[in-house]
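One structure follows; several queries about it will come next.
When the chains are written out, they are named A, B and C in that same order, and each has its own residue count from 1.
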Amino acid sequence: MIMTKSAYQNSLDGSDRCRAKSLAKKTGAMPNILEMTGIEKHFGPVTALNKVDFHLERGEIHALLGVNGAGKSTLIKILSGIYAADNGRVVIDGEECLLGSPAAAIDQGVAAVQQHPELVGDLTGYENIFLGQEGADKGLFKRIDRIAMRTKAEKLLERFPVEIDLAKKIDDLAAVEKEIIAVLHALKQENVKILILDEPTSTLTRVEKVQLFKMMNLLKNSGVSIIYITHRLEEVFEVADRFTVFRGGRTIATLTAEMAQNEAVSIPQLMLQQEMGELFPPKSRLSEETTPALEAQSLSLAGSFSDIDFQARSGEILGFFGLVGSGIDELAKTLFGALQPDGGNIILRGHTVRLPSPKAALKHGIFLVPGDRRTEGLVLSDDVTFNTTLANLRRASFLGARKFNTNRQTVGDLIEKVELTPPTLNRAASAFSGGNQQKIVIAKGLYSQSDTYIFVEPTVGVDVGARSTLYGLIRELSREAAVIVMSSDCDEVFGLSDRMSALYRGHLVVEPNAEMTRDELLSYGLMGSCN
Amino acid sequence: MHRILSPLMIRVLIFLALVTVICAVFQSITPRYLTAANFRGLLSAMAISGIVAMGLTFVIVLRKFDLSLAGIASLSAMTLGFVLSVTGALVPTILACIAIGLLCGVINGALVGYGRLPDVVTTIAVGSIAYGMAFAYNGGADYSDNFFSSGMVTLNFNTIFGIQIPVFLLLITALITGFFLHATRFGQSFYAAGENPRATFYSGISVQNVMIVGFGIAGALVGVAMLIQISGIGSSRVTAGGQILLPAYTSVYLGAALLGRASIPATLAGSLIMTMLLNGFTLLSIPYYYSDAVVSFILIVAIVLFDPKIVQLLKNPRRFFLTNTAG
Amino acid sequence: MQSDKQEAVSGLFSNFGLPFLLVILFIFFSSITDTFLTAANLEGLILSAAISGLLFLGLTWVFTIGEMDVSFVAVAALANMITAGMVIGGYGWPLATFCAIAAAVFVGFFNGFLIAKMRLPSLVTTIATGGMASALAAAIGLGSSMGIEETGYLEVLFDTKIGIISMVVLLTLTIIAACWYVEEKLTLGHYIFSMATNPRAALEAGIPTARITIILCVFSAICSGAAGILLAVQLASGQPSIAQSLFLDGLTAVLLGGTMLKLGKPNILGTMVGVLIIAVLVRGGALLGWSDAAFSTIKGLLLLFGVAVVVWTNKSSSDIR
């Protein structure tokens, strides 16, 4: 936490902001470089943004905070022209503008670095920086001067305290280097007024983050206003001047960094609707079963995780906390037979098994509720019955023929159990909200009659109200089955699990146990140790 | 909002209206259109393209393409001629004709499923190899031995239960494939694998095997269609499959456009409308190239109407253009 | 360590594999037949390679950006029949060729509009537009071919020769060189390959991907149309099914060429090597008396081989997912 101090100081005395304001007065422009008012966006039945107002001052770093699905990314996609808003107006530098396409947004001086920035893997760094703007003017038949381009790119990079070999292909660069290339790409134009960074730190290490923050401060001092999206609280204090909290598609509050120091304001409380205690169901007593339902013995997958040992018992929830890239996703997929381990054993009820495919895993009673339910969990265009029966078609048919009536009844009972709303069997999965889609996946798991359930990021993109229902369902499941929850949300793992551990860079850094505080779990997951 | 008619009902009504309009137009031009004889002719013409189209439906449901159909058709036609000339018996001939189609289809499916090769290029290549193999029989010359003695030619006009054999085969194929695709668990995995192969894989279904079965059915049904076509021509020739691809695609896409999704009933509906048009053109002795142009035109209209984005556009034009650039 | 070695091997293969195959085939046919290495045979070989090279030139880039265009043969036939029909109708060569190219541009634009703006699946769309174009081509000659008596200004391209190299060949070579320049040095080529690797990145960088798709479709159609006109001159006739056999050749040349350079993406130089390989194979095979059957099978196997190499080498270099 040494690094934060200077950033703190910076935001406390607010000298930059003062300078920006006086500059604004001189030029006679409004203090706000950007004003978005009454922005609405719906995706089918889901309301992503509900009449959101957002103001950005000149020369500030403004953080957008909120849990997944709170609406931050949608707002940013509207500002950068990727989505069109259903309603509302956007005023940039005093002028109202229509942002119909990324190109239009770029023309207005909005530069965006998306959450997973899109770069062309087999082009070099400098080619990526100037992609779409190779020479002085745009056009399809302009000669490319690669040498001039490279010199220009190196000059651009000189402003920042990092060293990157710009002649290397993107595929060969480290994560932070890619991120910086993406930022430089966004800054390639002269007229950038607003820079958007969407969760740039999710794949960065601690040291890399510091590099990025330095760069952001340099940019701010050169007059660029920055919108910074994150769901990590601690980062906000390091770098932001002000921040806005999003919840359930609305803005809840806009505060300055100083105000956040005030004890009276609890940001987590702003971000989450409910108190932690209410959100999660009560914990159970530790299971006394002797034979674990699922046991991993020094399980390894090159490049993802190594030497993973744990035992999951029926009757309890075992939780793993790990950031994106820590290996939780791969571990879950390995336990489900979708990836093949390089070493170690998976032991089910005392028998070592080999799981060559998800088919085999399902046969052994393991069910995975994948992290990306839209691409891995559901066939979106098909209805609830279709999706629910998909993982156990044998049960849904007699001699191959589908038992339409029986299935309707069984699935009807199941969706009642998972409280699907609306409880309509012949509605396409795509027409349900995130939380209800997750309920369909859980119903699918129940239909498969498995006895070990693995959840990956169970509540990503689920609004807070629906979360507690899902947590209740997971708890309900654990009474009869072994449940493993893997998540990058520390509070989720801590609140839900009976025993918990953390995965850090592919290693289980602590023995799963019940006696851990939330802060201990957090620091194990963030830093790999507890001190 | 209370709906009186379900969307599917509306679609079926549109289909029936189309059939009526086509009948009315042709009947007003030529009185021979709505006769029993012409109707029989229409159904047996529909048999060939309909059976091929039903096989193709499986591949389209998997969101893949099969461009090897013409090559497979030539190979199974020549295999038919060869086996018939050697054995002179009907049963092994029929089996060989269907089996070789099935084999080619399975090879397609294995290359696409397990080999992870792109469907279009792979099927073009396999089709080309099959076409080359067709020439290997008899140096590419026609076979007409044993066609009469074995009863091969009677396949085209004999009847079973009072139904002409081609029409009978069409109905049987429709029943079997329709049941398989819409009422069995295998059929459910076809739709799942086409719409979201990843989720299907995570549901414990082998997408690769589904591919093999899908392409295999498409190949085997080409063999069945060739039985009818060759028995009608009276000899096996390498060019037998030259004209089956375009009508098959048009039937599937037109049907999907009409009924909202690729399925066996949809393909039959598409095939019926297309055959009715072609049959009418034949009665009016309109040259083949004009009817080809019409079939192509229908295909374009069908893909435009089948496209969900277009439906979106019709509902809300402004929003469509604004979100056009989103991925 | 091992992957480095593997990469080096696959790099060697991708850069020199195809040219090596070309040389081997050339040497093979030269040594096994007496007539292959004669001036007359080589002249014919180069001329046919030039015309089919022109036909597949624009097609290459359409495939590079991941779209499928199967209407190119029909467009060539349409241009061919329009030229023949109008020359016979007495409109003269200049107007006839102009109209042929205009028709090609129209089909190309129609393809591009449907694919890029309406975002329809390119394969079925071009099956349909190709079907219409070839039906129209057949309709011009009422289903049969038409002989052209009158010679036109394009004749000179075939008659003027430097050694065994005619003007047609030189012209095609110039166009190929220009295309290669566009591919390597101009923004358009840069954008085409960016779109091939990561279309989203290209779009987000403000590259007009839809406009590029339309331009490439139109260019592909112009190339096909020009080749169709040249075939009308060469054969002194219009034939509605003129380029049928070139369909498989085109796909094989482009996709086989895609295994060379540029990490498995179709590119101009690769396509041209592919065209030469097919030309050598067809000429040499014909001298050895190979049947149509053998050609069809060999081309199919080559195509399958090319695609498998592209897919499998790309897979081994990228990660497990």
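Definition applied: a contact is a pair of C-beta atoms (placed from the backbone, for glycine too) under 8 Å apart; a residue touches a chain by one contact, two chains touch by 3 or more.
As the structure is a prediction and not an experimental result, all values here were calculated from the model.
Ranking all chains by how far their C-alpha centres lie from the centre of chain C, first place goes to A.
Two chain pairs are in question, A-B and A-C; the one with more C-beta pairs in contact is A-B. One finds 30 Å separating the Cα centroids of chain B and chain C.
We define each chain's centre as the mean of its Cα atoms; on that basis chain A and chain C are separated by 45 Å.
Of all residues in chain C, those touching 2 or more other chains are 200, 203, listed in ascending order.
With touch defined as above, residues shared between interfaces to two or more other chains in chain B number as follows: 325, 327.
Of all residues in chain A, those touching 2 or more other chains are 82, 102, listed in ascending order. By the touch criterion stated above, chain C contacts chain B in their complex at residues 68, 114, 118-121, 123-125, 127-132, 134-136, 138-139, 142-143, 200, 203, 240, 248, 251, 255, 291-301, 303-304, 307-308, 311, 315.
Residues 82, 102-103, 106, 114, 118-123, 127-128, 131-135, 139-144, 185, 303, 339 of chain A are the ones that touch chain C when the two sit in their complex.
Residue ranges of chain B in contact with chain A, taken from their complex: 179, 183-189, 191-192, 195-196, 198-206, 319, 321-327.
Of all residues in chain A, only 81-84, 86, 100-102, 336, 338, 357-359, 361-363, 368, 370, 375-382, 386, 389-394, 396-397, 400-402, 404, 444 touch chain B in the complex they form. Of all residues in chain C, those touching chain A in their complex are 182, 185-188, 190-191, 193-194, 197-198, 200-208, 211-212, 215, 263, 319-320.
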